[in-house]
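In the two complexes below, subunit A is the common chain; its partner is subunit B in one and subunit C in the other.
And now, the complex of A and B:
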């Protein structure tokens, strides 16, 4: 189990953020660290890996202290046994796919490396250099390479953000499958709700540098204050008065919708605020496109 | 043309190539750690160190040569030290030329390497660290193979620059046959002796040689190398 209780002052886009997170991660669980950009999600992963140092607190893995500000312990990244999948994949361009895996292994073992490539459907690419691969293939190689490290915890920093929607969706399935095969404690940074929902066993939702919520994705994303079954979060783009009613234009993900509200309701609304749009009265119709 | 058959005619060229080769080799050994340190370490006096390394770009070679001469003679601190160990002073000796050339050509090695190190993808370095690889292993297996073109640029330019060196060599090396008389000095000699045909022979060969090196650089390394001349 990975136990974290750390704090650090971060320089965010809106000023200094007091980053403070306490959480335990069990082996075999797929965790997503969710939240807006610039609130320290990536920094959290980097602190776990030892690439950045928290100001205070402790990080413990299966009883082994990786970081403890009181005891002045700070293990180097070399000693922590973490697999890190970087946003740009950080493949070694001078090495073939197989060599990338061999370099990552604690003890060089070609059979083992080829097994991992086999499981992930990459064996045919083993002699290729990274710059001859597609984005999706590079992502899979990066994942395979971090598994070859035999890490105690796998850290994924928005591993799918650079890919197109189709590849992304396919790789989400693969990522889940890979996680289930290798049974690692995995922590993934993401700000895509559907991705979080699809992949994670547990979600750590950060807001303004603090833990906002943690738990199963269903509990977190579906049990809002309203009991409605049909609810979206959106941003108010425009409020317009038409005769005696008001029309509020709301952007929800890639859709823009208009909602009619009365004079009483409009008082609480203003352009730019984030709102929930929900309905209870209708049964939604789902059609296959 | 009979002089072309005389081995004594070719001796300065042999010496020039030997000097450039040894200088370049040592520049790799010195330049890689310096450039690595400058690229990846934060420290207070980096501007001072960078300025010192870049000095040979702006100083007249005679200034450097003069100070080298003082330091390299048997009364100078380096020259005395050298004499204790190797039995000869550094001034007017091939060893002195090598040391002078290393310092004189240092920016030509360090600057391309430094820009190579700085352009390196930091995440690849961090990835190697999370794989348990030490900084040295990472340098050897990940960083240096990624900056091959910078290594080639630094090497070729340092080599060519040493071939073209004159002022420093004249100041510290003098003009001793087979010891310090490199090609550029030989030309100066022949001109002083009003022996223009010999001066022509040396000059033309050096001209063709330098052109060939640079041409090779542009053909082989293309755009990678061009910026480095202005580094």
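And now, the complex of A and C:
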């Protein structure tokens, strides 16, 4: 189990943030660190990896102290046994896929490296150079490489955000499968709710540097104050009066929707506001495309 | 959005579908939802909310109707548009808005002071925590 209790002053978008997080991550659990940008999600991963130092607190993995401000312990990143995958992972371009994995391994073991490639369906690509691979393949190799390090904790910083929707969806499935096979404690930074829903066992939702909510995605994301099941967050793009009603245009993720509202309700709304759009689970119509 | 504050009388769940019966004054209300958040308990308050576009109106209604939510009120104001109209109904001091077709307003010849029945399907009613 990875046990974290750390604090650090961060320079955020709106000034100094007192970052303060306490959380335990069990092995085999897939966690998502969720929240707006600039509130320390990536910094949290970097502190776990040893790339940044907390001001105070401790980080312990299976009883081994990685960081303790009181005991003045601060293990180097190499000694922490973490795998780290970024949005744009730098593979060694002059090495083949297999060599990239071997380079990351603590005790160069070809059989083991090939096993990992096999499990992840990459064995046919083992002799290829990274620049001959697609974006999706490169991220899979990056993931395989971080697994080859035999980490106890896998840190994923928006690893799929640079990929197109289809590749992304496929890689989400593979990521989930890989996590289950290797039984790591995985922590992924993401602000894509559907991705969070698909992958995570647990969500750590950060707001202004503090833990806002912690729990299963369904408990966290389904509306907390209402019985509505069809609920999205969006931004008001336009409000228009038509006949005696008002039509509010709202951008939700990459989609645009229109919602009819009454004149009494429209008084509370303005263009640019972030709103929750919901309806009952009984109303929507589903059609297969 | 119409909003009526009410007390939860009964919560009946079967197979992940919940029927909630509520009282507000002498009005009985029903909501059908899927799983109900934990803070909705028997005896606790909830806001019963539904859109104006989900509210039907009847005048001189006789016979029976399947709608679970049936309220008696008086038309206080009609705002007629070309295609749609908004009818405000006073139900025991609470204003209920209904957006129906102007055609329907004319068919029923709805005017201020008319005694009407207002109905809302239970599956169109949402419950919201009273904050």
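FYI, the second predicted complex is superposed on the first by the 274 of 289 C-alpha atoms of A that agree within 3 Å, B and C clash if a C-alpha of one lies under 4 Å from a C-alpha of the other, contacts with A are read in each partner's own complex, and residues count from 1 in each chain.
Keep this in mind: a residue touches a chain if its C-beta (ideal position, glycine included) is under 8 Å from a C-beta of that chain, and two chains touch if they have at least 3 such contacts.
Quantities reported herein were computed from a predicted structural model and do not represent experimental measurements.
**Student:** Applying the touch criterion given at the start, work out whether A:80 contacts subunit B, subunit C, both or neither, answering first, second, both or neither.
**Tutor:** After superposing on A, A:80 lies in contact with subunit B but is clear of subunit C.
**Student:** Kindly classify A:28 by the partners it touches after superposition: subunit B alone (first), subunit C alone (second), both, or neither?
**Tutor:** neither
**Student:** Could you tell me if A:49 is touching subunit B, subunit C, both of them or neither one (first, second, both, neither)?
**Tutor:** first
**Student:** Applying the touch criterion given at the start, work out whether A:121 contacts subunit B, subunit C, both or neither, answering first, second, both or neither.
**Tutor:** A:121 contacts neither subunit B nor subunit C.
**Student:** Which partner does A:215 reach: the first (subunit B), the second (subunit C), both, or neither?
**Tutor:** neither
**Student:** Contact-wise, after the overlay, does A:244 reach subunit B, subunit C, both or neither (first, second, both, neither)?
**Tutor:** It touches subunit C, and subunit B stays clear.
**Student:** Let me test your reading of the model: by the given contact rule, A:262 touches which partner, first (subunit B), second (subunit C), both or neither?
**Tutor:** A:262 sits against subunit C, while subunit B stays out of touch.
**Student:** Common interface residues of subunit A with subunit B and subunit C?
**Tutor:** Common to the two interfaces on subunit A: nothing.
**Student:** Give the list of subunit B residues in touch with subunit A in this complex.
**Tutor:** Listed in rising order, the residues of subunit B that touch subunit A are 121, 123-124, 126-134, 141-142, 145-146, 148.
**Student:** Quick one: in the complex, what on subunit A touches subunit B?
**Tutor:** The touching residues are 49-51, 76-84, 86-88, 90-94, 103-104, 106, 149.
**Student:** Which of the residues in subunit A come into contact with subunit C in the complex?
**Tutor:** Per the stated touch rule, the residues are 224-229, 243-245, 260-265, 278, 280-283.
**Student:** Sort out for me which residues of subunit C touch subunit A in the complex.
**Tutor:** 1, 31-34, 36-37, 40, 49, 51-53, 79-86, 97, 99, 123-129, 131
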